Amino acid sequence: MSSRIEILNAGGYRSDGRRQYELRTINIDLFPQGSAADGFATLSHGLTQVSVCVFGPREAKLRSQTFHDRANVNIEVGIAAFSSSERRRRGRGDKRILEISQTLKSTFDPVIQSSLYPRSQIDIYVQVLQQDGGLLQACINATTLALANAGIPLTDFVCAVTSGVHSTSPLLDLTLLEENDLPNVTVAVMPRSGKVSLVTMETRLHVDRFEEIFRLAGEAGKIIHAEMKKAVKDRTERLVAPMQSLGRPATGENDY
Amino acid sequence: MFEFTSFRRPPETFSVSSPDNADADMDEDYEDFLESGETKLTWPGESLTSAQDYMRGHGTYVDNEQVIASVTGIVERVNKLITVRAARTRYNPEVGDLVVGRITEVQPRRWKVDANSRQDAILMLSSVNLPGGVQRRKLESDELQMRTFFEEGDLLVAEVQSFFGDGSMSLHTRSLSYGKLRNGQLATVPPILIRRLKSHFISLPCGVDLILGLNGYIWVNKHVKQNEREGEEGFDAEAVYSSRNDEIDESTRAAISRVTNLITVLVSHSIPLTDTILLDAYDWSLEQECDP
Amino acid sequence: MRPPSPSIPEREFLLSALKQNLRLDGRDFLEIRPIQLSFGPELGWVECSLGKTRVLAHIDAKMVKPQPERPFEGVITIHSEISPMASSEFELGRPSEEEVTITRMLDKVIRRSDVVDKESLCILAGQRVWHLRLTIHCLSDSGNLLDCACLASIVALKHFRRPDVEVIGEEVTVVCSNPFFVQPLEPQLDYLPSLQHEPTSRAPIPLSLHHTPYCFTFAFFSDASINPVLDPSLLEQRLNEGLISIALNAQRELCVVQKSGGVPLEPADVLKIVNFAVQKAKILDTFVESRLREDWQGRSVEVR
């Protein structure tokens, strides 16, 4: 089906009207609608939408899952049956879901300063609402935002982006259509140090091309970071403004 | 579906070749702020200042000789100490804080109490007042009938007594003003919105009492007369550990709901709660003659 | 139940040794343990060992009806089981995290990177295709099961020969009924079933493979002074704070790059590791080819 669609036409436009290096619209909602979560984020990259709730740090449910020197980070991923064009229910034991949650866990384990909360548990629930390419990217970005909102100490943001290559032209932020057709790589960067915490590629690609799109994705991660930062800043401003206008809180309260 | 994607063309686009400088104003110099007194917001991974001149406090870490924020919130400075207070987070207990909690588990000689913190708090049997006099030895029979004092699901008001080695808090209810809660309704708010006040027991003139737990749990209940609360010499154990609500008349019920709803509204605009604000809001809402 | 982690002195010892550029088994940081490939009597039966890690891969083929949406393509399925036999950390039934990683990675390396030309497995469009079943048994785990399993599977695919068929109209005749037909010279294997050979039987034919990817796993540690370690041993695997697995072929084509979380790396370091894997893949490829050739020369193809 996809072979009939031009990935990149002669005018340099992609199937959804974007240019080569253009990212999709990023929509971020950080205000939960009636959720009791400590941190919440809904993020969409174009038509891919992911919602994340963070609970905790809170009392661990199972004593066997506690660590005496750090918090246990528990991540559960759900993919809604209606999220893709082909309706498909994925159970909790699905290999793909397990892989995503394991990837998220190992991505965020070194980022969360969990040693500050011994014997507690941090629960992260990821719900995929719409899929149109860049699923892992959206999951990572939304989880970062939800964690930052929950006031959980992180060493840095983690910003992920996909990038692919069409014959010799690199593309950024692929849709599902492009993702199915092109070799693509997902890269998660930590903007402060510029280090890479996640790289995944699942298609055949020459080493030299890989290097090109790998570097490109690293650059694009910084743009995503600016967007995420802006959203966090706006929310914090809205939360803090009334408190400031009504007098500063007494010192020593709610400190760590 | 593909046309659909193109319809949703981004009104504003972010491209790598020409990164917009939206974040340029956010990276302005923190040094200036540290000298001035204005509010500064920060988020994880943001470099605050050099670690050589300042000390790192809560909500920050040091990397490469830089003090870096690890939580989203407000930067605060006390002399050379830089801390970041999170805009939203769980309750961080301190000794002497008044908290409202809920019993989650009855264990040998102790209760576990959910107090909106990172771990459940612990209330030792030795830290509660027992029937039959304030000062008396704990008996084995007390251990056996712990559920008659507090059982799972009970709400209580207590004070943070101390911390255990792993950072979890120990509570006590060794005062007549602490103990089991009844005749009212619970409101849950972000703990940062509860200010440290002279007294966290507030009596509104509308016949409603409030207990503002520093952990963000607020108990709104029917007014208790001063002498009743303090009790007689004999410390009425029946009343203290009773789980039954008193008769509450309709106007008091309406007032309790009104206050609870006001709290919800104020909190949704993240307005910090104090007795004066609540009272003003209550009067205003009565003037508007709207139903709670 | 979490598996008990290595004791603190063991960990300290390993880390301090690594800091002094020493590995506990005396290898260089970027050295793979000796690889042994042994082939069973049957074609497509390969036992691969990396040091003390051993994996057995086996392939069999049978004819099935193709999937209706892909009438011209054969089917490949991968069955992997990491039983408690490999290591006491594995449980039967419930897949551990490591097991999920290994199965997903094998799936990506073997199936999604298009190793086997699936269309060449078609016998009669929409009617009959070959179904290849790759079974992987982990015999013992002493670190880096993934690379070992990938190598075993790839070599098994290269070693395997499928029976030849003859299609006359709608009729499909297997002209070489069983890969057992090809027998090694060893005399003790005379228990093999004696087959009724057709006078027209032909030698079984190898699978047509697009490329042969090899997988390399590097472990790294949060201490920046420790260099990445290729082919982690069991202790290194349990204590590392990040893994990067790279699957690529000798033609400098990457198939899978997988670094899911763990300690963040400089982009330049990632590229350095990738380029190193390129060289290793070439060496490994020549080794595998020569071993396959040796084995093939030792077998006689009885065509009457």
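The letters A, B and C name the chains in turn, as written, and every chain counts its residues from 1.
Here, contacts are C-beta pairs under 8 Å (C-beta built on N, C-alpha and C of every residue); 3 or more make two chains touch, one makes a residue touch a chain.
Source: prediction; values computed, not measured.
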item	value
Neighbouring chains common to chain A and chain B, by label	none
Core chain by centroid distance, with centroids computed from Cα atoms only	A
Dominant interface by contact count, named by its two chains	A-B
Centroid comparison with chain C (C-alpha atoms), farthest chain	B
Chain centre separation in whole Å, for chain B relative to chain A (CA means)	30
Chain A-chain C separation of Cα centroids, rounded to whole Å	32
Where chain B and chain C are represented by their mean Cα positions, the distance between them in whole Å	56
Residues of chain A engaged with two or more neighbouring chains	190
Touching two or more other chains - residues of chain B	none
Shared-contact residues (touching 2 or more other chains) in chain C	none
Interfacial residue positions of chain A with respect to chain B in the complex	5, 15-19, 21-26, 36, 38-39, 46-47, 56-59, 68, 71, 85, 113, 117-120, 132, 148-157, 172, 175, 177, 190-192, 216, 219-220, 222-223, 226-227, 229-230, 232-233, 235-240, 242-244, 246-247, 249-256
Complex interface listing, chain C residues touching chain A	1-2, 95, 97, 100-101, 103-104, 108, 112-114, 211, 222, 241-242, 244, 248, 252-267, 270-271, 274-275, 278
Contacting residues of chain B [partner chain A, same complex]	1-2, 4-6, 8-17, 19-20, 22-23, 26, 39, 41, 43-47, 57-59, 61, 63, 68, 70-74, 76, 78, 83, 85-92, 94, 104, 112, 114, 118-120, 166-168, 188, 191-193, 195-196, 214, 269-272, 277
Of chain A, residues touching chain C in the complex	64, 95-96, 98-99, 102-110, 185, 190, 193-208, 210-211, 214-215, 218
